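Listed next: structures, encoded as structure tokens.
Across the two complexes that follow, subunit A remains constant while its partner is subunit B and subsequently subunit C.
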Partner chain A sequence: MFSFESILETLKTGSGFWDPLIWVIIAALAFLLIYVLRSFGKKEFKEKTEQTQSFLSGNPEYEKEQMRIKGSNVYWGFIETMKWAFNILRKIHTGNASDYVLWLIIVMGFLFIVVFITGAL
Partner chain B sequence: MNWFETITMHSPALIVAVPLLAGFLTPLVSRINDTVRNLFVLIMLSITGILIAILGYDVLTNGIRTYVFGGGNTVITLPSGLMFHVRIIFEVDSMNIFMVIITIILAIIGIVYSLSFMKKEDGLDKYYTIVLILVTSTLGMELTGDLFNFFVFLEISCITSCALIAFWVHKGEALEAALKYIVISSIAALFFLFALGLLYAQYNALNMATIANAIQFSIIDQAALILIIAALTMKAGLVPMHMWLPDSYGEAPPSITFILIAATQAGLYGAFRVIFTLYGNVFNSINLAYVNLVITANTIGWVLVALAIITIIIGVFMALIQTDFKRLIGFTAVAEIGYIFLGIGVRLASKYVQYSGSSATAIAFSEYSSIALNGSIFHIINDCLDIGLLFLVAGAIYYATKETSLDKMGGLARNMKYTTVFFIIGLLAVSGMPPFNGFASKLMLYESTYQLNPIITIIAVLASILLLAVFVKVFYSAFMGPEQQKFKEVKEVPKGMLIAMGAVVVIIIIFGLFPNLVINNIVQPAADALTNYTTYISKVIPGVI
Partner chain C sequence: MDFIELSKTLITIVLGTIGLALFGIVFGLFYKGIDRKISARMQGRIGPPLRQPFRDVAKLFTKENIIPDNSIPWIFNLAPLIGLVVTTSILLYLPIGGFEPLVSSKGDLILILYLLIIPSLAMVIGGFASGSPYATVGAQREMATMIAYEFPLAIIIVTMAWKLSSTTVGGLGLANAFSLTTITANPLWNTAGPFAFIGLIILLLVLIIVTPAELSKIPFDAPEAETEIGGGLLVEYSGRNLAMFYLMDGVKTVVMASIIVALFFPYNLSPLFGLGSYPAYAIDIIFYLVKVLIVIIFSVTLIRVVVARLKIDQIVYTYWVWLTLLALVGLICIMWDGQLGLPKVAELLGLS
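On to the complex of A and B.
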């Protein structure tokens, strides 16, 4: 039967525990601490002045619309480094339904071998 | 018997009958006007939800419910004293209830979202009809206690899913995705049917409990197991049989993808039921008579762990290089399926035999195995909610901008504030960040897997971090950055869509803040129903076990 008694119970995970409410309280205290520390910041800082402009090493500043990083450019370095792995994955994903069926047959064949061998032991 | 008791008694049948009847009535109701049709669909699904609540309360209070279709003498008693049902039977335990709750939540929210999202589309009478039949088939798969009946519902689910994936038929890609889906699903369903034939030839029965009671794990049983598991894991989207999933999820209308997730999880439920109940003697039994099958359980467990880890890695890596938002979420959905299978694998791999000298004295499961199973079951509902929410957000962006390419988006947080907040919650939840729901289930999976093998846990945790990186990329490219000229006129999506997304967010937050509420009330009973498979059998064949 449905019970609400467990609503504030701590989740036991075998060797550890998880209590989201404690986490929320600690997170709230951390944000409070950050806010207090921030209040000690420089008072002369003024928003919407040149102080907030980014320094572009003397390069001309693009139009705001052009200063956008496309989705395919995010993690460019990581993707370039791991290109060999991504190329293999792309090759596997052919988009061909016959290949999809082939993978099903391969898995089935593999399972047949595993189960028949262990079943015979 | 008062009316409430009558409804409770017939609720298993009504849960399937109401959406089915509503589906066939929808084209007629559409003749009145669109508003009446929309209300009709919503009311019918709400009634189904109420029936599920009634049945759920009954099952969680009084234990397993069986419902035999048809009257008269439905039980045959053999000369040996063995009794079995000869008609279609629905057998509902806590695991079934857990699954139907997920399905109806997704269906109702999906319909609420559709009311606004699909408003301008043509052919909505057909759309709602097929959606209702898809919901019927999913509920049927999750309630039935008969293997052939499961196959029939599986086929209906395949056909309706195909029709809905191809709903935007003017887009060639949608048609292609639907064709691939029906080809793969039909072949998998045929293998499933072949397996049923093998089991029927062996045991002269199609009832799950009857077969589970008689299963010997002969060569024929082994072949049937492989065929069923391969078919159902394909339906669930386990690597390397996952490739249909990003295609289909990416091309279907997002409101449909949200409901399709429930249909996919029904395949996953089938895998759970087959492993833990149908083949309970092999994988679940602690009877010393089955001591020679422990190695089989361990091997299958390790195979599932390996496939799960490959699924997680490939899902996340493929998501990282996607630029189409919906396809990207499709691959993360694949990764999430891996986490669920990881829990099943750990459970099976942790079975062991205790020896005294050279003779076996007992069969047992390691203590952490129940945490793994609970984590796996809990992750099913979390996966549905988190991935589902992200698809709804993708749909909202498409609705507002007509774009799915991340390369063409940017600065949307300015004009779509609520959608942005919903996306942030979705990305944190799916990446397993505290205090959201994904964290609790993943923590249970990590800790139990760590005790089986720490390296597997490290890979799973790293993959989860990569998952966060994937969605940070989406957040950065779609919502952040300078305002785009072409999106200056973009407005927040209609209230209906916001309410649907908001409802999912509320559930995510409640599940995240109060995980024990879910675990104690629906997850643990579902896990107990799976592990105590003999209770499932004894409800159909009294006195045998």
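On to the complex of A and C.
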């Protein structure tokens, strides 16, 4: 049964703990404070003038599709670095179901040996 | 939780949030000034005065807050606010000034790690919402950087929590190992044998190198890279919105340095001098501020002056290969230390 007391309880996982309600109160207070601080800054700007165009070091702006990062390239730096690992994985992904079953058996065999050795120790 | 306890908690939170927000902003800017001064001196320049970051913020507040035509205005405006709000909220979970965290029983180190992601995420979202090609490149790089440095950072935290909580040989068998109160009350240097001591030095080194990436500082500032993509994810920000990101950077510097101090240098000076009450508070606060300054000088100033900017693939490789391996070596050293049963370094030095 839901009770008001349960909202105030700190959530515990056994290792970690946190109280969402307390964090929400802290964040709301901080938001209020910083929003007030921000309101001291100038609000105005010249709308629909050259200053609202994207800065491109003087280069012309082409179509958005040509100028912006594609969704497929969002993790480019990461994928480029780990290319050597991805290439190995790509070779393993043959699309052949019997290969996948073989890998399953190999991994299960490996885990069995690991568990067996750990258990024996 | 009864009414009186709830009232006390709420009063603590209200006063704590106001006090620590001011502390974070003022000292964040002050440390920024020191960082700029020291780095200038290291490069043979005079450098700006220590109050320059305060002047920068004041100047940004007088500048136009330009919202680009291509942007999504509400996300563009909200991202810097969210970034600063969440960064400020972390301060309440950290042991500031040698005291226990204000809400120590309401959140642990895992929560802090999650909260630390949000300011970077706010920058990414703000960058994408700018609608600028440079900003999207910067945001994409920030995402790759975030994935990169989280891995070694997680290893450091897990290693420390394992040492504190493990009931096997070498572990301290403590409850709430992720709680900063537990971590600061049981400095691992005190219980470390020679191997664990080396392991802790390695983990400290890794955390010091993770810090500039968390703060988007050279050599890990590819997401901003002023000379290449004109400020990257901040390129379209100006006026008060840019001031919010500027303040966020200052507060996050204090947060990261406070985390390093809490994990590795949680010692206070007052017990050494046998002080109590207000003199103890005063000396511990001053000592904490000095520790934070030293950590900032090592993890931000020195690194950014002596190393050039890395490319994004080099950043990911540095974290996912070299620093992860280094952190794993640290972890293994600490795990082995307990098994070997060697005497503690503190005992060998006659400090315990």
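Note that in this section the second predicted complex is superposed on the first by the 85 of 121 C-alpha atoms of A that agree within 3 Å, B and C clash if a C-alpha of one lies under 4 Å from a C-alpha of the other, contacts with A are read in each partner's own complex, and residues count from 1 in each chain.
Note that in this section a contact is a pair of C-beta atoms (placed from the backbone, for glycine too) under 8 Å apart; a residue touches a chain by one contact, two chains touch by 3 or more.
What you see is a predicted model; the values in this text were computed from it and never measured.
Engineer: Figure out whether A:W18 sits in contact with subunit B (first) or subunit C (second), or with both, or with neither.
Structural biologist: It touches subunit B and subunit C both.
Engineer: Looking at A:E44 after the superposition, I want to know if it touches subunit B, subunit C, both of them or none. Which is it: first, second, both, neither?
Structural biologist: A:E44 sits against subunit C, while subunit B stays out of touch.
Engineer: After the superposition on A, what does A:I69 contact: first (subunit B), second (subunit C), both or neither?
Structural biologist: Both subunit B and subunit C are touched by A:I69.
Engineer: Counting only touches as set out at the top, which of subunit B and subunit C does A:L33 meet: first, second, both, neither?
Structural biologist: After superposing on A, A:L33 lies in contact with subunit C but is clear of subunit B.
Engineer: For A:T52, decide between first (touching subunit B), second (touching subunit C), both and neither.
Structural biologist: Touch status of A:T52: second partner only.
Engineer: Go through the superposed model and pick first if A:T10 touches only subunit B, second if only subunit C, both, or neither.
Structural biologist: Both subunit B and subunit C are touched by A:T10.
Engineer: After overlaying the two complexes on chain A, where does the subunit B footprint on subunit A coincide with the subunit C footprint?
Structural biologist: On subunit A, the residues that contact subunit B in one structure and subunit C in the other are 8-10, 15-16, 18, 23, 27, 67-69, 74-75, 78, 82.
Engineer: Any idea which subunit A residues touch subunit C in the complex?
Structural biologist: 5, 8-10, 15-19, 22-23, 25-27, 29-31, 33-35, 38, 40-46, 48, 51-57, 61, 67-69, 73-78, 80-82
Engineer: Which of the residues in subunit A come into contact with subunit B in the complex?
Structural biologist: 1-4, 6-11, 13-16, 18, 20-21, 23-24, 27, 64-65, 67-72, 74-75, 78-79, 82, 85-86, 89-90, 92-93, 95, 97, 99-101, 103-104, 106-108, 110-112, 114-116, 118-119, 121
Engineer: Along subunit C, where are the residues that touch subunit A in the complex?
Structural biologist: Residues 1, 6, 9-10, 13-14, 16-18, 21, 60-70, 81, 84-86, 88-89, 92, 103, 105-111, 130-134, 136-137, 139-141, 143-145, 147-148, 161, 165, 176-179, 222, 230, 235-236, 239-240, 243-244, 312-317, 320 of subunit C touch subunit A in their complex.
Engineer: Can you list the residues on subunit B that touch subunit A in the complex?
Structural biologist: 57, 60-61, 179-180, 183-184, 187-188, 191, 217, 219, 222-223, 225-227, 229-230, 233-234, 240-241, 243-244, 247, 292, 295-296, 299-300, 303, 307, 314, 317-318, 320-321, 323, 367-368, 371, 405-407, 409-411, 434-435, 439-440, 443-444, 447-448, 451, 469, 473-474, 476-478, 481-485, 512-517, 519-521
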